[in-house]
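Think of it as A, B and C in the order they're written, each chain with its own count starting at 1.
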Amino acid sequence: MTTSADAIWSLLIAVRERQPLVHNITNFVVMNNTANALLALGASPAMVHSCDEVEDFVSLSQALVVNIGTLYSEQIAACRLAAMRARAAGVPWILDPVGAGATPYRRAAAGALARLRPNVIRGNGSEILTLARQASEGRGVDSLQGSETAVDAARTLAAETGAVVAVTGAVDYVTDGTQVAAIANGHPLMTRVTGLGCSATAIIGAFLAVERDPLVATVAGLAVFGVAGEIAAGRAAGPGSLQVALLDALYAMTQSDLAQRLKLEKG
Amino acid sequence: MTTSADAIWSLLIAVRERQPLVHNITNFVVMNNTANALLALGASPAMVHSCDEVEDFVSLSQALVVNIGTLYSEQIAACRLAAMRARAAGVPWILDPVGAGATPYRRAAAGALARLRPNVIRGNGSEILTLARQASEGRGVDSLQGSETAVDAARTLAAETGAVVAVTGAVDYVTDGTQVAAIANGHPLMTRVTGLGCSATAIIGAFLAVERDPLVATVAGLAVFGVAGEIAAGRAAGPGSLQVALLDALYAMTQSDLAQRLKLEKG
Amino acid sequence: MTTSADAIWSLLIAVRERQPLVHNITNFVVMNNTANALLALGASPAMVHSCDEVEDFVSLSQALVVNIGTLYSEQIAACRLAAMRARAAGVPWILDPVGAGATPYRRAAAGALARLRPNVIRGNGSEILTLARQASEGRGVDSLQGSETAVDAARTLAAETGAVVAVTGAVDYVTDGTQVAAIANGHPLMTRVTGLGCSATAIIGAFLAVERDPLVATVAGLAVFGVAGEIAAGRAAGPGSLQVALLDALYAMTQSDLAQRLKLEKG
């Protein structure tokens, strides 16, 4: 992997110029913020979730984002239909397995979607640990704990599903099962705004639309989002103003913002 | 049509004083923003979409807003029930055919609602072109393209449906099939915030509650919203702060703001 | 009741330290804002509403918030399942009967939930009057009107349901049927932002997770929220910036903010 601040900047320019249509099937908490994050970045978001049209809509799109935050039965069906159509049509897609471990219902839904061959899976440590346990049942992944072990779980999950896997937190780790990149951007105040993980997933979706190597697209998306979060935190008096400043920062990001702030380590 | 800055100001005062109850059946992306735009303007919004109560609720309301953004089957039924009750009860209603041309499902739903005699239809150029094609099938509207031709499509759609039709964009055009008014307010940054078209539709809904000539109400709504957007853009560092400043500008708009900024041309 | 600014401050510290998981079944208009209000306060929100998992999720939570804003049939079932599980598992829960009197559907749903023994009910004057009329049918509560009589209705409703009842407005009243506390914090501009009543309900939910006397928890929640609203109004140019500043104020509230601004009268 040869990702650098310059390469990431080129991809951001590509998003701004091509304005890719990013189809989101996402939760009701973050729909507005996710759409606004994509617009601020330069992409063209659409929120479409009815089983009656998701397949048609995927076919028009340059990327698909599937997020199970506020799950219900028709939405699971819509996510499955959209994911299968995305694979068939060559549209890259990313899975955000929100709260995967919280209930049996959620665990089953997340596991079934992970088996539909997403190009990328992004979650926090617990979510990735839950999915990795399911993917490698009986192989002792249950003993994993903490952040470093979430990286091992991410490798396992990547190997089992064929997806690039991102575990986000204070440091974000991205792996294809072999290589691991680490991004140390972002700010702790971001955890006090709802749905910024979901926004990060959608931003990666926009980069998947312009960069077919999912490892590079994921690193680029998390880097841009983390840098925007840092800039925003520097201007914010709390989580309310952070959310506003984050959209402004995504919109106004310059090449030197990215070059000066990027903290990317290749594994 | 004799709409002027003074006449629009009088209608804004009427909204602020009467606080009309505006019933919205709208999409999940913009519910919060739409409610906040109506509150900032001075109206009283309600978001009610269950088939079990939409008819009762329309009867209590002074206007109805129907928006098909995040469509699903029960919502189509709710929209139809509410629209029919609105016609029967003399409650003015406005249709926002979001993404009308994107999928067959959406095209069918938008077309069916347009036939239920809305007082106003507001859309962007593609949406109005799609609806006009359906309304005048076989008459060659398919050859229409671009912004000036969207105005012709709007005239056709107005003539076919009996609705006042607004095509919004850099310039907003409003027609009853004969007269055409053009409003050149607003700001390009508004396209980087999700759902501002939906907010414009809801604002027109509030004006329909205090002014029964739908051409005048639509011009007033778009003028007030465009002026607020301009004021907000002057204070914003990007799309995040624009959205916040827009609500503040709607709330604080003065007669001289409107008089100095209004760019209204009658057709 | 011995609630003081010091006691309320101690409870706020407890929320910040323990970060209780607050399960919300709430309406689509306010999901994002409610989650952000809880995060800014220091709690850990979850928005989970499918009948397939609400019972499992309640069992993991320290409090449950049930809000009927955008009602539909599956949600009523989910609210009932969650409320019954909360009672069985000893998880405190609060009911927000949004628009209880507007339609027969809504009146029936609110009434049925009030009979499932919520620990707290919070509403505006009309909502509490509607519920009190149902609870004491035939006993003349129909003649009640206005704010002072809403307090009488709140006492009646508290006595009939066993819940602590809060009627919020310019002054918030909280009663267990016998004692009445009055909180005179907040600001009129708060009525121009959608869903701040819903946020207040969720904030009370967070306090129920750390204080088992529902009268004390409710007073604490409304006091903290009202003080945050006052601080925010002092920094806001309108309802857009108020909403942003309110989250910042909840996050940054100090002991002296609370001590200097609290306007609490015990009945």
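Miscellaneous remarks
What we mean here is this: a residue touches a chain if its C-beta (ideal position, glycine included) is under 8 Å from a C-beta of that chain, and two chains touch if they have at least 3 such contacts.
The model shown is predicted, which means the values in this text are computed figures rather than measured ones.
Relative orientation of chain A with respect to chain B corresponds to a rotation of 120°, obtained by superposing CA atoms and rounded to a multiple of 5. As for how the two copies chain A and chain C face one another, under half of their interface residue numbers coincide. In this assembly, the C-alpha centroid of chain A lies 34 Å from the C-alpha centroid of chain C. Among the residues of chain A, those in touch with two or more other chains are 28, 32, 243-244.
Per the touch definition, chain A reaches chain C in the complex via residues 27-30, 32-33, 69-73, 99, 102-106, 191-195, 236-241, 243-244.
By the touch criterion given at the top, residues 28, 31-32, 35-36, 39-40, 45-50, 52-53, 56-57, 60, 74, 243-252 of chain C touch chain A in their complex.
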